[in-house]
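Below, each structure is written out as structure tokens.
First chain A sits with chain B, and in the next complex the same chain sits with chain C.
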Partner chain A sequence: MSASGFALRLAALTRKETRQMLRDRSNLVVGLLLPITLILLFGYGLSFDVRNARVTLVLDDPSPTARTMVEGLEGSPYLAPAWAPSMVEAEAMMRAGRTDAILRVPADFSARLAAGDARLQLILNGVDSNTAASIEAYVQGALAIPAQKEADRAGGKPPATGSAATGSVTLVQRIWFNEAAESTWFLVPGLVVLVMTLIGAFLTSMLIAREWERGTLESLFVTPVRPMEVVLAKLVPYFVVGAIDLVFCLLAARFLFEVPVRGSLAVIVAASFLYLIVSLSLGLLISAVTRNQFAASQLALLTSFLPAVMLSGFVFDLRNVPGPIQAISQLLPATHFMGLIKTLFMAGDNWPEIWRACAILTLYAVVLLALTGRLMRKRLD
Partner chain B sequence: MGPMVDWLARVFSLIRKELQALLKDPSSRALLLVPALMQSLLFGYGATYDLTNVPYAVLDQSHAATSSRLLAHLDGTGVFRRVATLGSSGQIAQVIDDGDALLVISIPPDFEARLSAGQRAPVQIILDGRNSSTAGAAAAYVGAIVAALNQSLGATPAITIERRAWFNPNLESRWNIMPALIAALSMLQTLLLSALSVAREREQGTFDQLLVTPLTPLQILIGKALPPMLVGIVQSTIIFLIILFWFQIPMSGSVWLLYLGLAMFTLASVGIGLSISAVALNMQQAMLYTFMLVMPLMLLSGLLTPVRNMPWILQAATYANPLRFGVDLVRRVYLEGAGLNDVAFDFVPLLAVAAVTLPLAGWLFRNRLS
Partner chain C sequence: MSGAPVTVAVRHVTKTFDGPHGGKVAAVDDISLTVRAGELTALVGPDGAGKTTLLRMAAGLLRPQSGSLEVLGIDVAADPQAVQDRISYMPQRFGLYDDLSVQENLDLYADLHGVPQADRQKRFARLLGMTDLARFTARPAGKLSGGMKQKLGLACTLVRSPDLLLLDEPSVGVDPLSRRDLWAIVQQLVDDEGLSVIVSTAYMDEAERCAQVFILNRGRLLAEGTPRALADRARGLTFTATPTGGMPARDLQARLIDAPDLIIDAVPKGGDVSLIRRPGAGDARLAALLRDAPLTPRPEDLEDAFMMLLRQQEDGQSAPAAAPAAAPAAAPAANRPPAERPAPATQPGAGGPVIVVRDLVRKFGDFTAVASTSFDVAQGEIFGLLGPNGAGKTTTFRMLCGLLPATSGHLEVAGLNLRTARAEARGRIGYVAQKFALYGDLTVKENLTFFGGAYGLRGRSLRARIAATLDEFSLDPAARSGLLPAGYKQRLAMATGLLHQPDILFLDEPTSGIDPLARRAFWRTITALAQGGVTIVVTTHFMEEAEYCDRIAIQDAGEMLALGTPGDIRAEARAADMNSAFIAIVEQGRARREAGAA
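Let's turn to the complex of A and B:
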């Protein structure tokens, strides 16, 4: 009997919350339109992969050898070389932000090449350190071929200093899970985390605070509803929004961006739902604590959304982060889900990791819901 | 002098009232300062692409002098940390899958023999590509170590490239990200504050009262725009000081140009915020529309990934994004020491955004009464 009363009240409250959610279009703008925008921006807009980097070539040595050497850069799809008549002009271009790098062939290049000790000078704009490092690698790669030819032309002649021929170590590199090292592949799975987080941080974080501000929560107290029923009824409609977003994310990942889905779909969906509950309850808890919409949205942004972007291993690898920050990141539910979802998409089902992450997420869900329910006990102040 | 003083006095009293509303209780004062402080510290340490710790495993089937030397070079970097020594290639999958090692370096049995025969001796590295930018950076690092080894073996290629990086000599990613935060972090709050300013008064019904006072729309606009701008500039200053003194990233440009740029940038942000505020019916809408807008603005700003890597259509869209030019301006003034001539172009889109959004907001104040 009491069980059916629970179901009845929950159904009635859920209907009320759903109507309230649908009434204000801004909820759906953030709940559905923002995720779609993010999917498209992450899939098409954001990329760490450098293309057409602007490299200015300065040829102080007019010999054909020097010219052939740097013309090797023109074959690279990553570099867009252009010529500058002198170093002064190249440096001016760099200061004006019209080039990313300068490759200079010094005047004594051919002479020193004959002696087996030639040097090229590469000046990078270091402001964007990532791009600078990529450009350096591409320039080295593009110069390696003509340099090898040059060495071969020298005719197996032993190096000036070495007495016997020595072999050289070469590196064969294989990147597992993401053979072409495409950044889209690791950004798109992370997007699932981001979208699930933003619904909790932006939408549910305001729900209880709004009722406190408007005083409608007190009128709810005179009805027979229990605190947990209010909490669950507030979760249900936003859970549905989150589930729709998950479908968007998965479809986009699979068909738009062709990210591999190597783990089982059921596990991905189950883990995402679990994290969605954690994220929604965290939002509700913040809402119940602050009782003020502005403070709630600020706190949610600060404790839930921004850390999920910056400290969960989404773009910045946690291995590179100092100890105390790593400890903070381990406290975030987003970190555990981020690791799991990347593994599920790119590597496959890794059961020990699945169990560990899901156990942590379940623990968070239970604790957060219990805390919120406690805070919602009927009391006036 | 009478009317002019009168006019300013009215604007000033509105500004004072707005500031009082913002700063009235300790918790709202804390909300204006603590986030900027916390975020800049957290992101200063957390937002890095630089490798500091690469756990790796070794499968050395050669056990010879050169392979030991190669591994000693790796261990000597202080970045590579050996977590496992494998006995067979069957174990590679395990350490990579579990994330125990970011890379496995595999040295074949004939490594030394090939080297002494004057042949090329391949060494295989297997990387965990779940974060492709870390994997790429680690591979490049190993490549540099191998190149140094080759040089010491006397197998140096005849050409060496001397690299020098301007403006950020050690290519630290923190130098790239932190100055950008001077603009990005404060923008979030200026947008939110200005978006809420009118929406809150609408919700509470006090905006209609403001409209029947002798204040002109221009005066209301100035009175509503200046307080969030002030808060934004104060926040930028906090972040700026943390970057300069705590993280000790040297500032190369002029402080006044930095602040001129920040003022322009904040003006454009406030213009957008006030336009949202004039359109929104209540606080909730104002907040949600701000979030809806702020995420694409951040992502398309060049803060995390360079604008030049984006497809051209999105690059074109970034011209309407004040944050793109705010970030560019701050980075170039701070790191490159750029002068007004170098960054003059950045001011154009900022001014354009302000020139469109501020009058629009002012017009909407009067013409949207609902």
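Let's turn to the complex of A and C:
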């Protein structure tokens, strides 16, 4: 068949897919409403930042020095200090879950400070270890400034806080790329990955399976149509939906969550499109294999969306997971795109990384599409 | 005609599938046949004969295990696409896109077949005219009636004139009027364009229109020839027996079909019984069986030859080989009528009406599905509800079963008012849905146990009923329900509906998609039940089956057009057979309605 036959059939099939997509309202709900919900849910609902952590102050040493020391906590936006008359009350509050931490200034604080060996006690509620670690860092940070002043004034050693004695060496911390260590900054770029995965794999996984279930393929097969034309025609309309969702994600990132976009927009869009094609192809492959809508959607969820959440480095740092799981995560296209998109948003155009990730994604797209085309043989047995 | 070019050449083709018991089942078993170009060719055979498999192989959708298949001179297995570029194929369930409109479906197929724009308008106008779909071009295909869908499917396969047209049972579940329209379209294209067509069908009147007929059963080719030549095989064996003394034709038919050693086939027809006698049946024994019913010879037709061939093959095979689930959906129940119940009354009507319907109306919004319908059904009567697709049969049916409340009117079933005592009434009725509504993953016994429990049967009485039912319907308790052949599924569905010994049995198109032998067996069971005092209400698209009914009602567009015995209805329409009587009555009704509207 001639090239014009190919173009004519592809156009006809694409028109058909587009009409079907637009007329089936559930497609639009999943395709447009669900991504918006995800953006809002993950953007606002999922945050590892601690704000207004309740720190109970127990001042056993009534000296002004001790008071100045802990007053620094009040200036922190992350902490909400409150006073407790004695350790007994403070412990009761901790047990009742009404406080996240207790900072105790012992009775001999001033005396020991003068001797250059002052200690403060920080007791953390470790039920949520992430929060506990954050509070510890904030408290240390808040104490560092008055401690430094105190040390300067005394010309001696600053007091050690908690058990992590800093001695006379002051650690000056600086976080790069995500200066405020805001978790939305690293979660929102990841959202692009989740949304592209959802649109791609989940929506398209139903498409070929639905045609098998409704018996429409049997009629379609006995025409001059080629299997690859059926596959490509299904990619087009959902690619457009994915592109719209990408715009949502980028707008939300820039204006709603004020995440910096340091890499070039063109590269971000191009890389996202590439990943979208990978994801769409994966969905179609699942669909062609299962020939059953229910199985296809479950398989899509299990092999694309859940791994994209759990194993791609969206939330958890992949270097901290066991070796075998790390190996599996490297097999996921989502992992490579996750790394790339985070770099692009926060660090800027890192060309070696861009080329590496894009090459991997292109390979995935080609392999998945070719596999789908092969599996879509025009055969019923 | 023998010099005509060959369009399909099948040589020793075999195709097997995985059987339900792990082994292989040959759907097509070493078949060789040649189809000539430019004419209508029919593949006829019961359910599971291999018709669909053969057509799918010709369309390049299945690959034969062995043998070769040449279509239009091309080896299909080697180059299926080359064949698919030139033929058109309409599967049993044509894959219309429900959410696309009639026009969009047509456009899609025209684009895929590369029909030039210039030719399209003329072609579409003609197809839409022939299918009478011109008024509905903007309607989504999913909102068309069954008959209209089938016509649109045919139109989609005919967007261009193919070199070969394959039609797989195009008229299953389609009413007589739509069926007639479908055939008119095919016939016209054969006449005008010299189209080569292969059609598979379960209707003998359709096969009779074809130039060449191949009769298949269980994957084998039983016979081939022109309809006339095939019919000749039954010459001298076909008779009409006329019941005497006011005996219903179906009682005589039941007696005859229960004597398979003398009678090959018997069906009620026009108040008489059409029968085929066995070649070796002695006159004396036959006379004894007929008692006083006079026998007159009648001309043989294709159906006689078909029934003869099927019975011969079943006789040859029924004894040892077949595994229970792969067995034909045929003989046992036909040969051995269900245990007859202690009958309160065997004469229909004697027990008084058990269903009373007065001014029944059902509306869906502005649409009146059933308009002011009244009728009675007597105890032990077989009452047939006939009508084209979308006539309101199913709606009437559902109201009678208490599945759908009536908008207005009076409805009494088994002496209980359906408005006030619906649950109680339901306990007295059995319902067999059109589609197989049992659990396919459960065994026959598990299904019976479950539904028996749902009807409130427990413990010993449940076990006793299940044992009796399994025996009555010759069912294998351990067989997986979903894997049973269509005829057996139907039997299981009916067995389930009868577990709680209802007074009334409702059957919604019970014989759609079932082969002739299984249908005989099915009706034998029905007539035996009626003799036992059970009242039967049944819908069907096979008009000849109306002959089994005591009375029938014909509905169209929600209105009752005719009500009476099959004889009354034929007389009213001045038609010789039920099919033409039905078409005449429905067309008159439509003409009246249009005149009234104008």
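One rule holds in what follows: the second predicted complex is superposed on the first by the 279 of 381 C-alpha atoms of A that agree within 3 Å, B and C clash if a C-alpha of one lies under 4 Å from a C-alpha of the other, contacts with A are read in each partner's own complex, and residues count from 1 in each chain.
By our rule, contacts are C-beta pairs under 8 Å (C-beta built on N, C-alpha and C of every residue); 3 or more make two chains touch, one makes a residue touch a chain.
No experiment lies behind these values; they were computed from the predicted model shown.
In the superposition on chain A, A:E353 makes contact with chain B only, while chain C stays out of contact range. For chain A, the partner touching the most residues, choosing from chain B and chain C, is B. In the superposition on chain A, A:D24 makes contact with both chain B and chain C.
In the superposed model, A:L32 lies in contact with neither chain B nor chain C.
Looking at the shared chain after the overlay, A:K16 reaches chain C, while chain B stays out of its contact range.
By the touch criterion defined above, A:V127 reaches chain B but does not reach chain C. Applying the stated contact rule after C-alpha superposition, one finds that A:T223 touches chain C and leaves chain B untouched.
By the touch criterion stated above, A:E211 is placed in contact with chain C alone, chain B being left untouched.
Of the two partner chains placed by superposition, A:A80 touches none, neither chain B nor chain C.
Contacts of chain A with chain B, set against its contacts with chain C after fitting on chain A, overlap at residues 24.
By the touch rule above, chain B contacts chain A in their complex via residues 27-28, 31, 35, 38-39, 42-43, 45-55, 66, 70, 96-99, 102, 114-137, 139-140, 142-143, 146, 149-150, 153-169, 171-173, 175-176, 188, 192, 196, 280, 283-285, 287-289, 291-292, 295-296, 299-300, 304-306, 308-311, 314, 331-332, 335-336, 338, 342. Those residues of chain A whose C-beta lies close enough to touch chain C in the complex are 1, 5, 8-9, 11-13, 15-16, 19-20, 23-24, 211, 214-226, 378-381. Listed in rising order, the residues of chain A touching chain B in the complex are 24, 26-27, 29-30, 33-34, 37-38, 41-42, 44-53, 69, 94-97, 113, 116-134, 136-137, 139-140, 143-144, 147-148, 150-151, 154, 159, 161-162, 164-179, 181-183, 185-186, 198, 202-203, 206, 210, 293-295, 297-298, 301-302, 306-307, 310-311, 313, 315-317, 319-322, 324-325, 328-329, 339, 342-343, 346-347, 350, 352-353.
By the touch criterion given at the top, residues 17, 56, 59-63, 80-81, 84-85, 87-91, 93-100, 104, 107-109, 111-114, 140, 153, 156-157, 166 of chain C touch chain A in their complex.
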